Structure formats: C-alpha cells, structure tokens
Amino acid sequence: MLSRDEVEVVLFTLGVAALSTILIFPLGLGAALALSRYRGPGKGLIETLLSLPLILPPTAVGLLLLEAFSLRSPLGSWLAARGIEIVFTWKAVVLATGVMSFPLLVRSARTAFEEVDPQLVGLARTLGCGPAAAFFRVTLPLAGRGVLAGTVLAFARALGEFGATVMVAGNIPGRTRTLALAIFHDNQVGRDDRAAVLAGVTAALAFVALWTTEALTRRLRRRAEA
Amino acid sequence: MRAAVLAVLAILSIPRAGSGEDVMVFAAASLADALEEIARGYEQASGNKVVLNVGASSDLSRQIQAGAAADLFFSADRAQMDVLEKAGLVRGADRGELLSNVLVVVVPAAASTRIAVPADLTQMRRIALADPEAVPAGVYARTWLESIGLWPALRDRVIPTLNVRAALAAVESGNVDAGIVYRTDAALSRRVRVAFTVPPESGPRIVYVVAPLAASRKAAARDLARRLAGDEARAVFEKYGFRVLAPR
Amino acid sequence: MIEVRVEVPLGAADLRVEAGLPPAVTAVMGPSGAGKTSLLQAIAGLRRARGRITCGDAVFLDTERGVDVAPEQRRVGYVPQDAGLFPHLTALGNVRFGARGDQAQVETAIDTLDLRPLLDRRPATLSGGEKQRVALARALATSPRILLLDEPLAALDVELKERVLPYLMRIRDELRVPMLYVTHNVGEALALAGHVLLLRERRVEAQGRPLDLLSSPGLSVEAAAGIENLLPGRVVAHDAIGGVSRVELKGGIPLSVPLAAARPVGAPVMVAIRAEDVLVSSGPVKGLSARNVYEARVEALERTGADVTLRCALPAAPAPWLARVTPAAVEALALKAGQPVWLAVKSHSIRLL
C-alpha cells in the first residue's frame, strides 16, 4: 500500500507534529493564562499579534520565518556560529508548524481559563495553594476540556501545515518532506495516484485526531457531571 | 448593490485600447526576462496582449494537462513537450526547437568557494537544484552529475526547489553553499558568482521547445510563435546569453 | 485579638477600617456596598490593601515594614456566600484540599459538620445547606487561625438556615475557632457573635457588643427576613400528653414549645422565634390559644422594609424581643416607644435549634 519512503514520510510528519505541539504546549498555556488574567493596556494589541498566523497567508508567515532565520540574518548567523542550523532542516519544520498552530492552542485555552471562576482560584489560595499549585490543582482541571481541545486542534493543524513549511524548510525528501509537502511534490511530478493515496492517509490521521478529542472531551464532561 | 455589480461588470467588459487578442504564454522560468522584453515589443507591434505565466516547465505542463487555457507553451526540455504531444494537446508539426543553454555552478557572491573540478562539489554541504525529479533544469543537472559519477555522493545534499529561479534565490540568500542553474540565470544576479561552467560538450543536451496548443484558435498565438523564431527575438535571446539553435 | 487598620482601594471610594476585634465571633454588618466582603478579602489576602493587619501574633500585612504575606501563608479559612466548592472534586476531595495530609483535622472537620454520608458526592448533587457544610469543613480542615464567613446562610431558606446554624455554634464552642461573620441577619448576629462591627459606606460606623448595637435605633442594621429572636434556655420538662415541652429561657422566662422528647431534661437549647410570629397586643390577652404570653415594653420602633420592627424589653430577659408588624397595626394600636404591650407566641411558631 505505502512504499518505505512514504511510511517514513508519515512517521516523520507525526513525529514533527507531536514535537511541535509538545514544544508550544507550555508556551501556549502560559500565554493563554496571562491573557486571561491581564487587563491592562495593550491587551487587544497583544491578542491580535498572537492571532496573526491564523489569518496571514501561511506563505507570508513562512517568508517572515525565512527572513528571521536565514543564515544572513542576525539570529540565523548567531545560531549557525553555535552549530545550530534551522533553515532547510527538520527544525524549520517544527518551527513553522509550531508558529502556525500556536494561536489555535492559545485561543482555546484562553477561553477555557476565562471560564474558570476566579473566586475558586482565590479560595484555593486561602486553602494553602501558591499561584502555581492553584493553577495545577484548580484552574487546569477545570479548564481541562478547552485545553485538550486546543491541543488536539494544534496537533491537527501541525499535521497539515504546508505554506510556511515549504518556504522555510523546503521540500527535501527524507529531511523535511511532510505528508502535505509529499502530496504537493507527487502532484508536481505527475504522480497523482500517489498524491491521492497520501491525501487519504492525511485525511485518516486528521479524522482519528479529531475523533479522539471528541471522545476524550465527552468522557471529561461525563466525569465532571457525575 | 445591484448598481455596483453592474458598474463592475461594465468596467470589466470595456475593451482595451488597441483591442486585439490575449495570448497566454506558459514559459520556463529561465525565459522570464527575455520573454518580457520580446513580449513588450510584440504588443506594441501587433496590438495584442501577452500574458506570461512562468514557472517550472514540468509544473506548467501539468497545469496544461489539467485544462489550463494556454495558447503557447515554451518548455525548457523536450520531455515536457513530449508529454503534451502524447496527450494530443500539441501537434508534432507545430513544435519548434529554438534555444539551448549552458549549466553553471553558482555560489554566493561573497563566498570564496573554489570549484576547479566537479569533484570539488563534494565540499559543499547544501546544493540547490530545481527539483531533479521533474524540472528540466534539475533533470539536466542530475543527468550531468550522474554522467560524471557524482550523483550518489551529492544526492543527499540536494535542496530541491520549485524551479530554477528559486534555486538561484536560495544561493543568493546564502542559505545554501552552491546551486546549479542556467548561465542565463546567473548572469541576471549580482549576488551570485559563477564558480564552474559545465562544458556544453560533456553536459546534457539542453533544448528549449516552443509550440502553440492545438486547442488554441487564436491567430495571435501562431503569430507570436513565428515572431519568437524571428531575428528580433533571436537578438534578444542572445543578449541574455541563450544559444539560439539553427532554424529547422 | 485581630487588629485591622487598613485602606482597601475599591474603585470610587476606598474602604477604611480601624478595628480591634476580640478572638471569638465578630459579626460584620452593614448595608450592601458598605465594604464587608472587601474587608474579608483584604484580611484573607485576596485583595490589595495598605496598612496593618495582625491576627494574634501573626502579622498578615504591614505596609510600613514592607510585609504582605501571601494568602496561602496566612492560614485563614474563607467561606463565600455560595460555598465555592470545587466542582471537579467530591465532597471529600474538597474537604481534604488544603489539609496537607493532616488526616486528624480532616476527620474532625467531617465529624463536626456531619459529612460522613456525603463524602462521595459531587458538589452539583448537594443541597445549599450541604454545600455550606462542606465549605465549612474544607476551611476547618486547614486548622485556620480564623474563619472568614461571607453571609454563609444568606442563600439558604429559613429551614436550612436553622439546620446549619447549630454547626456554626459547634465550631465556635467546641472547636473554638475565631470567626469574622458577615451577615445581614440580626438574629444570626445575636446568636453567634460576641462583638459586632458595623460598616456603612466604606467606613466603620460603630462597633461593640451585639446587644448594645442592635438594640439602638438609628443604626443602619437591616433585619432581614429570617430568625430574629434567638433565645438561649434549658429544657425543663416534657408533657407527652399535652404535646408540649417546657423550656426556661435565660432570665427565668417560661416557654411552651412543641414536644421535643429527644432533648434530655436539663439540656441547653437555643430557641428560635421569627419576629413576624410574635403577636403584639396593646392590652392583656385572655382566652387565646397561644400558650406563651408575656408583658413587655416597647423600647423602639424601626422601619424595616415595608414593615415595622418593634424592640420590646421583657422584664428579666437579657435581650429584647423583636416583633414585626404592619404600619397599619402600629397606627391601629397607637404603638410608640415606652408603651406597655403584651407579646404572644404560638408554640408552633417556636423552633428548637
């Protein structure tokens, strides 16, 4: 059904999507928490900036990342001097997918955190919890459904990321070729039949990811209402 | 609201000054600049409008097969034209082999890389090529590297790009150590330097083929095709560094 | 001893409180918006404040010396109006939440509040009164220095109020935990508190003994509907045939209540009579079915909402009785301060706590 190369592509895509989701998870929760609490000036501006990757064309985001991390840029050359190369490597894939799926996690998590009654957090504090303990023992469990939904959404987005990835990581077989990029390439070189197979695999993966969220969300809701 | 829609439609249907035909030309990326110039001259002379769609010949041929409304196809190799002929989209008799080109290895202008012999390429960590699986420039490059036995060593360092101009851009950005492009592309960029020229005798035979699409009924299409083979166009191509082939 | 000398920024007008509170129960009273909840939050550390707050020998806040102890270190137990139980935990999970493994404290709290049968239940399945008890146990399980209760009975109906009040008394008497108790209800204040802090428009209007404060008219104390007369006494006898039990209130006042054979003779009780259940007569009553009739004198009349509350002094009674009548009744009986009246209460209107 799938050639060895194609299986590698699938595994690579899953690995990269998982890694990028794991990396943005603490950052995303932190940003969501800060946004849900912060009521000062500039809140609207920060929210808009964080949501930009959702609305900008992925290629625009990819271009920005390419400029920022290119070997000529200050950041890129600084990293290269320390032996860290981003552009045209799997790290660029993780970077691109992470940036593109980050806003999805933040938005879901933020809504979930905002729905947690602040009085409950205050009560946890009087009961002996420091801010971190209050977060992990009260805020996070109560926001669990929203956070989970946001995480799986981010993962699914990472699975399918194309525009930003192709710009900053290139479509290098065996190194940066994800499922989405492989589909594009197969079509480019006239192998539409393989492209269709890979598209089917992507659809199946996305389906499983979303189905799992639904099931988990339902289970969490049932437990909360028991 | 309705008034606005009608106004927009009216504006769109206004025939342009010098109302002639629109000729849609799908051409290899390496031809972009030369064709721009030729097209301008043609528009002034004929009153027709030329719409240029440049990209990887393999990509364009695929678009045409999928139904894109091209009038003229100018491919950087025979293979992509063969595909269309086999599909019945182009008539063999209409094909014209106009140009040839030369492959060069370019490096970033500021780099001090020396490539005295092809084997020096193994010093490069990353080499940009137009996708060697299908894009003519990349296929030519791979064919050459295979012919000198360097492909197995170099294939893992290849960064495949969408077309030859993208490979050029990759070298310009400094994100790759070297790239294999046409001499005509290298000549256009001040940010790259030619480090090695593939001798035409030992390199692959590069042939650019042009043909009108059989489905195109536009007189202007054939008109332009003839003009491309003419003397004025020849001068422009040579100016950009193409080798013009003897007419059939 | 709890010393509070704070300024709490509250938008338009800052709350300013200077008070020294005894270590038992202090009722914090006053109209809505007076700052009662904000005061509690400031003491708990949940609201910014400037000044000085000490609880016993612990300093919670001392702005001059740069001390501002975080809420989790103050060891105060906070019980809000709606209990504030964590919905994702069972009752037991809630009670255990801050106990830090001190199983003994948890058990004591559970037993004090009679929570054994409720432990596995989720907050969503508990009644209002049960929720309050769990919230109280949760606060108690942390061995708090002080309990801060924000109108804990306000959301409960009269029956539930009467059921939870005894638990609060148990906490006060058996566990001896000091409390700051925000309430609108005069009866609760009288039943529980040894000290009252009256707030009005973000300032302290008065503080002192409950009897002194709550008996003087002109202070902005709202007597909400509920138990207004809470009278301590002792069970004297049971009359099974007559269907009554006899109670002697403090001061020697006899009272007939519905038969409560479960209470042993000699046991102390708290008697609850609603002000609206106290009938007022301008002359002595004869031939009335009500068993409990007493001579009294009107001390003061106070407009409370649409009605009038009479504060009536009974000879020998340590605290005045409250009776609620309509303005029409006041006019009809020409009631005024200093006037002798007769108060009558049906046995059935009396509840034993």
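Note that the chains take the letters A, B and C in the order they are written out, and that residue 1 is the start of every chain.
Here is the rule we use: contacts are C-beta pairs under 8 Å (C-beta built on N, C-alpha and C of every residue); 3 or more make two chains touch, one makes a residue touch a chain.
Only a predicted model underlies this, so the values are computations on that prediction, with no experimental measurement involved.
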Name the chain pair with more contacting C-beta pairs, choosing from A-C and A-B.
A-C
Most widely separated chain from chain B, with each centre as the mean of CA atoms:
C
Comparing chain centres built from Cα atoms against the global Cα centre, which chain wins on proximity?
A
For chain B and chain C, let me know how many angstrom lie between their CA-based centres, rounded off.
89
Euclidean distance of C-alpha centroids - chain A vs chain C, Å:
54
Please tell me the distance, in whole Å, between the geometric centres of chain A and chain B computed from their C-alpha atoms.
38
Chain C-facing residues of chain A, complex
117, 119-120, 122-130, 133, 137-138, 141-142, 224-226
Mind pulling up the chain C residues that touch chain A in the complex?
41, 44-46, 70-72, 74-78, 80, 84, 86-88, 97-98, 100, 122, 124, 138-139, 142
In the complex, chain B touches chain A at residues 56, 58-59, 62, 83, 126, 131, 133-134, 156, 158-162, 173-176
Within the complex, chain B is touched by chain A residues 66, 70-72, 87-88, 170-174, 185, 187-190
